[in-house]
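A short worksheet on the structure shown next.
Order as written gives the chain letters A, B, C and D; numbering starts at 1 within each chain.
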């Protein structure tokens, strides 16, 4: 049987948290024998269109990637290869017939981790270190802040961006600075932040991936993104010939299992976890909607 | 002198650079306590021979034999280390000093195991001893960059003596020295030779050679042209041997001074954070050569900078054709018909990687002669260059040859051609024949005199008193930024000028205001 | 204003400054040695990557931390040797060779990392160097936390400052290196090998640079990331000029840069959205430029920098 | 047996070809090492590389598209380096040029394309030029090294661009993504062929190279630049206005890099973002030096560097080898060509000679 050929094009190395979630899901699908998976990583936006075309010319069935920096060209390529399905991270709407979009909408669990952090902080100071202030990052930070403020209006946040996706030493320094300024919980958007927390014996909130095993006694709670529901759905759609230009971003929502919050109850305490879980139920029951706010988060004084 | 043992023997040394044979089967012996002068025109192969002897170059044929414990033994070619070890010391034509280090550091360089803390104390003691014995006094702790050329040279010689050299090679050591410094050097050399050192001494100045050497070896076109015992030699014979034909005397007719073209009126100049000139007055008149004598560093460069358009007086006025000069611009001076020969011709005179034609046109590229609407007229440039090459006997492969391939003498002729062809009204000749052989020297002098006779006002700056006596109609001496009054050169004697240069005498009656 | 004094007065701030400065100290010392000998080494950015990758990989494969440091230095030395071969022995353009080395060292490191560990999606960790706790010293008020709670590599960097200064100013070798960077002919005329000295200096300097990279993966963090060197090598090239090619000032420059950076991080976290975050990030670079302009007049270039030298050639 | 080096006065065309060919072959042989280590077949990889760079109209277009900014940044470096003005800041100048293009070309002015495109290019040229003139003035006034200043300015400029595209220049329609408002259609450089990315910037680059070639060889300015570059002291002494010439060089150099930025926004991307250039400014240094600072050579070496990258990158996809191999192949090719240039400058003579015979 001919395997469905899937190609992914990442603008970052596959270790980057964001890409790794989808990359892992694709590898899992490959290991299950469902697809033939190839990828190119660290592709600059200048080269992105060429790489798309090259995979398209190779005759893959599905191309997964990020159109954020290349919205127009990516759509142009897709329109020239209607027989190929495109599943692209994008801030803009999908385009029929074959350009589907998604994004990492894990603001819901982020909000929940915010609740835990808000209840848990003693200094009422929370530090947040991010890579770049882009919507994908901003919305999670904002949801986290909202979650924390919902249970503890006195929390002050300090925010800094290190202007790099991969400079853990720098992220660590930024985190140290926040600890020095009194933060007792750190929001770890980047690698390096949890390391600072662990080294200084304070707590951290995980983001996108679960790193609690690497930092025992440090990760209070994490908002996880699961690529599998979306990837598996897309692969199934492609195989079934039913792939449509829809918004696959919804598969990141909690109700589809695309994201979840995990807690370390020993660290967070039963009360905090209970509060978060209660909110989680509301979210799943759609009685509560976490607002999506893509504006740049700033320090509060 | 030939009764002492042979220290060094070159046998049939041949060296080719591509098609050029720089040294053709040259042999020579050097004895203990002997000063051997090596003479020859520019490009005759003197430096090349010495570079082979010292291991900078690898000869194509022949051997360098040095006296060691077991008699004469051949040196491995191409190893300065081996040459140093065998007791050969060399003072290069162009100094080989690290300018960022002190004199002492330069002397110690390479004499101690690299991976040790060195023995600065011992080294200093030894150098002090050598200084005491040889009279080569110099501040060992100053950065070499801050030393005068004379002091740099002393460091170079100390470098050789510090390594207990048996043979000392000096490549044009006096080219950059004042007469006093040169005299001091000769005293040292004689003393060293008396102590058993063998010395090879390269110079273009026949007077020095006759004064200091025991034996003279003349190279011409890479081959040995002859060998003389100094006691039996005279100027003419040597010059003729060098050039291969008789050198014509430069004849000089009396000057007919005209109007004042360039005037310094109480000019002072601050440069490099110090007072270079203070209250200097001088008039350059048409049809007259003023010779400026002085120990280097006393203000010559300030005067040269002013006349080159590189600087304007800090106070006082400089008038060109009667008008005060307000802003510094080499370009304006060029356009106004001032011919300027830089002191350091390789550094300031030519762009080495550009062609002879380019270098001849460089002052004039913007003029209609060489360009139209911003586009170069290559043909005109080349034609002018060909004419200059022929007219000034610039020895080079042609107008397209790179200027860096020219010897110093030929670079000087190129600059002469560039500045004199514009029929200048004022000429600054700064060290016009430094390092040039007798033939080239005579040629340059003839050109400068011809320009004077045509009506140009000329200032010759030179540390070579012979040259000043040969050219100048009037003499001025600069000392510590102050000028003596300019007086006629007739009736002046060297001794007086020497004392004035040293700042020890007032102008004698001959130089009156 | 108060915020400013709070920051500058805290030991943690100075500890961060020293930490941030550590890789720069290695790098700037390495670049200094190369340039003192007359060779510009723009390979530094790539050599940082190679050191970071090689050292980390060695530890990951079980070489032990100090084994990793050694491997990093060797990797740096290897690329240094290549740079020296191209620029010193063949006399090729130091700019192009340097940029070529950066490209090569970076791509070889990434390629090796990816080929050696094809399926990692989360960077594997090693047990990195931990901050020392020196009884007595580490507990001193202010000085203790600022200076004596650093990892061993920071101390190694400081030791190298002294060592490099000692070699450069107190040994015949240093004399020869300084001379060869000023005028190779001076060294040749004294029977030393210009090529030998320059190759040695470039190799040694490059090994030091690689330690700067190793600090990132073995001390500042415990994993290797693509792009984590993030321009630190280039900063060192600027710092050498700032330092006028002197080890003491190199240390000062690195610390100053570290302090600017630590300061900007703190300011950014405290001041918030009064000014865009990028302004803070620009601060270290802008201040470096200002500092350079201030020291420029006094800077004393190795005169032979960028000048190739071939035996038996006129120069 | 020993060897020595003899400088060559001139390298013949035949020799140049031979050396280039040899460098290419050695580079290919070296590339085999990583290919084999990743389990690929070198022969297959070579074929795929050529195919990826030149094998189709699309491949050719991609190669030329990538060469376009490299030609311009290469020329920027070539002209500056000739005057010994070490401009390492082409990357920053590229961004500033692109910024200027966006400032005037995104609606501020409404002109027909025939006027709009030149306006955008002039704006980019001047902005990039200014970006190099400033460090040059600093160098002249304060003696601060331009290598370091231009290098540091690259970081500053990119941060500045980030600030703008997240701030005042941010496209309100970009859904929060940090990118500038797009250029209006009239300001965009037309494509050379439909459906291919190759655009008029390529022509601009080639024409710029021709103009520079003429300037260097035929004009007074070119003459003065050479003189200033080769020997500043002698040029000054001979009456060439050294500082003014340097400023002209700076303007041209920065301007060309700025044009590269204009090409990328107006020809390829349509808007400005902080990831506009994957290091075109730095590659320009390499391109210029490989070309021996010759303007025409710069075009050739830019196409060469682009082809190697595009070909190797494509090969990595076809073979499943890590895409990092593309940079590795570029690096190896670069170093091989560099070593090759050595043989153009020197003749290696082997000789046997006895000591003391």
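Points to keep in mind about this one:
Here is the rule we use: a contact is a pair of C-beta atoms (placed from the backbone, for glycine too) under 8 Å apart; a residue touches a chain by one contact, two chains touch by 3 or more.
Because the structure is a prediction, the values reported are computed rather than measured.
The chains in contact with subunit A as well as with subunit B are C, D.
When the C-beta contacts at A-D and at B-C are tallied, the pair with the greater total is B-C. One simple way to say how far apart two chains are is to compare their mean CA positions; for subunit A and subunit C this gives 34 Å. Each chain gets one centre point, the mean of its Cα atoms, and the points for subunit B and subunit D are 45 Å apart.
Under the contact definition stated at the top, the residues of subunit D that touch 2 or more other chains are 4, 159, 162, 166, 322, 324.
In subunit C, 110, 278, 281, 312 are the positions where the chain touches two or more neighbouring chains simultaneously. Within subunit A, contacts with two or more other chains are made by residues 42, 133, 163, 296. Chains touching one another, given as pairs, are A-C, A-D, B-C, B-D, C-D. Those residues of subunit B that touch subunit C in the complex are listed here as 54, 56-58, 78-85, 90, 92, 94, 96-101, 105-106, 108-118, 159.
Within the complex, the subunit D residues that touch subunit C are 4-5, 7, 34, 37-38, 86, 138, 142-145, 147-149, 151-153, 155-156, 159-160, 162-163, 166-167, 282, 285-286, 289-290, 322, 324-328, 330-332, 334-335, 338-339, 341-342.
The part of subunit A that touches subunit D in the complex is made up of residues 38, 40-47, 49-51, 53-55, 57-58, 68-69, 72, 80, 91-92, 132-135, 138, 163, 294-296. Subunit D contributes residues 4, 6, 218-224, 226-227, 230-231, 233-241, 353, 355-357 to its touches with subunit B in the complex.
Partner subunit A is touched in their complex by these residues of subunit C: 10, 12-13, 16, 19-20, 23, 110, 119-123, 125, 216, 220-223, 225-228, 230, 261-262, 265-266, 268-273, 277-278, 281.
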